[in-house]
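Okay, got some structures for you below.
Look at the two complexes coming up: chain A is in both, with chain B in one and chain C in the other.
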Partner chain A sequence: MAVEYQPRMVGFLCNWCSYAGADMAGTSRMTYPPNIRIIRVPCSGRVDPLLVMKSFEQGADGVLVSGCHPGDCHYTEGNYHARRRFALLRSLLDFLGIEKERLRVEWVSASEGGRFKELVSSFTEELQRLGPRSEVSP
Partner chain B sequence: MRQELGQQIGEKARELLSSGVVECVIGYERATDGVTARPLFVYGVEDVDRLIFDDTCIHNLTRYLLNRRDKNTAVVAKPCDSRAINLLLNEKQIEREKVFIIGVACQGVVETRWNQAGETLQARCQLCSQHTPVVYDFLVGEAPPEQPPPEAYADVLEMEARSAAEREAFWQEQFDRCIRCYACRQVCPGCYCSECFVEQLDPLWVGIRIAPAENQIWNTIRAFHLVGRCIGCNECERVCPLNIPLSLLNRKLEKEVWELFGFQAGMSAEAVPPFATFEKEEKLGIGE
Partner chain C sequence: MSMDEKRIGVYICHCGTNIAGTVDIDAVTSYARSLDSVVVAKDYRFMCSDPGQELIRQDIKELGLNRVVVASCSPLMHEPTFRRVCEETGVNRYLFQMANIREHASWVTEDKGEATEKAKALISAAVRRIFYQEPLEIKEVPVNPNTLIVGGGIAGIQAALEIADSGSRVYLVEREPSIGGHMIQLDKTFPTLDCSACILTPKMSDVGSHPNIELIAYSEVEEISGYVGNFKVKIRRKARYVDEEKCTGCGICQEKCPWKVPSEFDVGVGQRKVIYTPFPQAVPNIPVIDRENCVYFKKGTCRACEKFCEVGAIDFEQTDRFEEVEVGNVIVATGYDVMDPSPIAEYGYGRYDNVLTGIQFERMSNAAGPTGGNIQLKDGSTPESIAIIHCVGSRDENYHEYCSRVCCMYALKFSHLIKEKTDAEVYQMYIDMRCFGKGYEEFYHRLTEEGVKFVRGKVSQVTDQVIEEEEKGKLILVVEDTLLGSVIRVPVDMVILCTAIEARSDAEQVARLFSLSLSADGFFLERHPKLDPVATMTDGIYVVGCCQGSKDIPDTVAQASAAAARVLAVISKGKIEIEAAIAVADEEKCSGCKTCILLCPYSAISFDEEKKVSRINEALCKGCGVCAAACPSAAITARHFTTEQIMAEIEGVLV
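Moving on, here comes the complex of A and B:
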């Protein structure tokens, strides 16, 4: 029996919206792929590009960064800064040959459990389509 | 003409040192091979005659200002280097009153090696359209007539046109060679953190083995820390002992920053850099 490729993803979710959104998906008993490992961070603005690079180095096939919708940041403007930063990081990753689809930055509010479920499902499918990352010798 | 520039710089240095305006003048002198140039620190008027300027003066001397933050210093700056001064002023690393800038209108510099100076201008100089320093107190030399700059990002575009797999293979080959000597960081006027992320031990962000994956983190984050800050002096690439094309990374980001935010680093000491601000309604292809 062929074993289907299971991508590994790291999700950096902000404490105030997206983590609560993921929690909502859980308490609502929604089912989504178990491929994501969630790390709770205070704010999407906290996510240093270094964390993303470290995740890729440690073998992640994809990284999700998720925060509050623009205008809803608990710290007023963290997600706006994150937006600029990750726009640039995505083009840099793409330039280095790590497809930009492997880094997703999305906004999920605390009430959007369904949206979080959809997000993880579609991201998993996308990564399955892209296949495993070519092996960088560790 | 070339000798004249050195003399003019020397005269100014003599004036600055003898009047006590500055303690030190940082400029160039002829290296011991008799062909190339090397940095010179002049502390007394007896040494001002050693100052030169010609197309072998490739170093970006503004980096040395960071070691002399509290001392009055004069520095010889080419147009590209002068942008680093604006960067450092913008980031409150140096004080304008403490720096006297001897700007040099530049026609471009050549590739040099020990005992050898090339005939043609460096690639970056051929693409350069900034022939007069953006900030100076005293200007020597004459800028060449303005010409429309050629396609500055031809190599970046060529790389973008390749497939993801080709790009990955290319960079892997480049980063494999990196020996993590950090010369690129040491020479960069924008890399002045007292503790660099690669040297933090707790947490250990980047291991200290010479491993390709770790080299990739180093080179990626080094470039990323210079987003909207790299002034294109290309010193990192010059000092790289393994000839890793770091300018390709830097200029890719420079291009993106220009296209997204219309920002060029170091053109003014007051402009707000792109990562220090945001527009609420901007569309950057994130979360849309």
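Moving on, here comes the complex of A and C:
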């Protein structure tokens, strides 16, 4: 049997909600696909499109940016800036030859361990469906 | 060794078997040893323990480490611990990095190979990142010694008195016209049966007269800004239409007001006047005009209260006023809502006269309540049988999954009070008896000897549909007695519903106001469920009492005192460190486009008109990094989260 294709994901999680949400998934011993690598940032608003592109350049198959729910940002409005910024970046990804589904922007609160688990699972499935990334011409 | 040489030590924690059970520690440790600039990599059973910490201290001294990585649990758990260890040994706290191989690896991955690979990737990221980390200067600012307490129930009262008694100033903001919260509505308190008002009113009057407490009742917090040690709070004082300075609290206005409406305090069991204090022992003892129901406000005539007020305190022209206070810490003690059982249609609340909630029964049983403490049916007669249904809306997937923790005990208390005052038969319809506190189990035993009938089962229906002759005129409970294994019908005169304690309906807005998180049950989330149950993710903001989760009076008081102690610790220290991981702008790179100024949520960036560059105010910046991500000339650096550092981390996780 062929080994199932295992996509590699980078997750930029805000310190206040989503990182704590991922911790909650751990504390509650919820298992999810092991392919995500989490990077802690102060706020989803800190995530520069450059960091997302760097992740793709380094071979990531998918990138997750996750912050506090709209309205709940620890810094009041950083997640709104992230939302707008990545709506724009997503629309450019196709142009760059990267399916826009490979970038996800989500909201996970500190208590939503279950939601984080579901998110990683569904993202992994979607990336498996998309298959390995096609070569991007420089 | 040169001054610039990076000498990194990596420490891998087994966390007992929490990590070592899934992650191959030896493989990870030798991998860490192979990474660039790593001088030493060691593993230990519990890195956070004394010997674990000592291991790091020794290596810093003996091997001249200038950067430390610990691969263990979440940084939200132990980053402060290890930062302290580093700092004590002369390594700046920002030259420490954690790799979260427990919450993000060993606990969420079943496959040992995968977990080990993930741990390696996270360590490689931490090591690559720390290479670029820089020491940051820690600055301190003075702490404002005043404290804001939001909510004047027993939680807020207790915390206010503890803090005020120590000599610090407290602003106690209460939304209702009087402090006292739910506790002042109760009759007796379990398991000791002391009267709730008797133990609470002295504390209330202490609050009212305490020289260090400014009681701001009938008011709400509108806005809060700032950070631990230095918050600015805007408070709305709602119009009472009574001049607080002039009012003597004589009560003549209430006596003369000709209009009555159902009393919120008596939960609809009794009535109150339109100008009122919720109850006679109200603190402050100043009435409020209920504008919605006041005939003068509705029709333009009456003003009876004004005519009789000898001191001229009635002021129909009064408007909401705003006040600003500055505090160093905030305790949120906003309490709970009693669940409205109407949606549980099968219990007939609102449909049958003699189906009451627990809190309504408290008012009825209270000697100061609307019936003078008489337990009576709607028609005024004395009930011959009463059933108490437990877990109404609690431990029920359709409503609240959690246990409300107080119902078993107050149901037992009700049984005792009913037995004391009437000859009625009492039935307890319970799922499990949860009598976990000090003296609680003993109280349960005492009640089993008082002739109370216990039926183990969840009531499926309360109905007036008669089958047998003896059920006529009664409310019939249909319940499966799980100990008998059969469905039984219990005819009674009165039904008391032990309704769930639930989060306040506006908990979400309040959470937003104070930058709190909500847990899945809707209550405010504490910083750590076990080790930090009063602090929150926002420094300087604490949660106490039922706003954090259902709890009884002793637990609430203990939590309130704990929060007070935490606040006093901050006050007595007198100063607080401010986050050094903030943004800085490089004026040589800044193009003066002002993008950052528009984005900054704290208005921390100003524009230097002379040099045409942005400047970031260190005291106002919170380090969110939004400006750094948006700056088109890369002129802004988010300290400790620099692009270089995060890029290195990306390379590390994707090795």
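As a working rule, the second predicted complex is superposed on the first by the 134 of 138 C-alpha atoms of A that agree within 3 Å, B and C clash if a C-alpha of one lies under 4 Å from a C-alpha of the other, contacts with A are read in each partner's own complex, and residues count from 1 in each chain.
Just so it is clear, a contact is a pair of C-beta atoms (placed from the backbone, for glycine too) under 8 Å apart; a residue touches a chain by one contact, two chains touch by 3 or more.
Keep in mind that this is a model prediction, so the values were computed, not measured.
When chain B and chain C are set side by side, the one touching more residues of chain A is C.
In the superposed model, A:E99 makes contact with chain B only, not with chain C.
In the superposition on chain A, A:C17 makes contact with chain C only, while chain B stays out of contact range.
By the touch criterion stated above, A:S122 is placed in contact with neither chain B nor chain C. Once the two complexes are laid over each other on the shared chain, residue contacts for A:S134 go to chain B alone; chain C is not touched.
Looking at the shared chain after the overlay, A:R85 reaches both chain B and chain C. When the two structures are aligned on the shared chain, A:M30 is found in touch with chain C, with no touch to chain B.
Residue contacts after overlaying the shared chain place A:Y75 against chain C, while chain B stays out of touching range. Of the two partner chains placed by superposition, only chain B is touched by A:W107; chain C is not.
Residues 50, 54, 71, 77, 81, 85 of chain A lie in contact with chain B in one complex and with chain C in the other. The part of chain C that touches chain A in the complex is made up of residues 74-77, 100, 102-105, 107-111, 114-115, 117-118, 121-122, 125, 511-512, 515, 517-520, 525, 537-538, 581, 599, 601-602, 622-626, 628-630, 638, 641, 643, 646-647, 649-651, 653-654.
Listed in rising order, the residues of chain A touching chain B in the complex are 49-50, 53-54, 57, 69-71, 77, 80-81, 83-99, 105-107, 134, 136-138. By the touch rule above, chain B contacts chain A in their complex via residues 159-160, 164-172, 197, 205, 211-214, 216-217, 220-221, 223-224, 227, 249, 252-253, 256-257, 260-261, 274-275, 278, 280, 282, 284-287.
Listing the residues of chain A that touch chain C in their complex gives 8, 10, 15-17, 19-20, 22-23, 25-27, 29-32, 34, 37-43, 45-48, 50-51, 54-55, 58-60, 71-72, 74-78, 81, 85, 109-112, 117.
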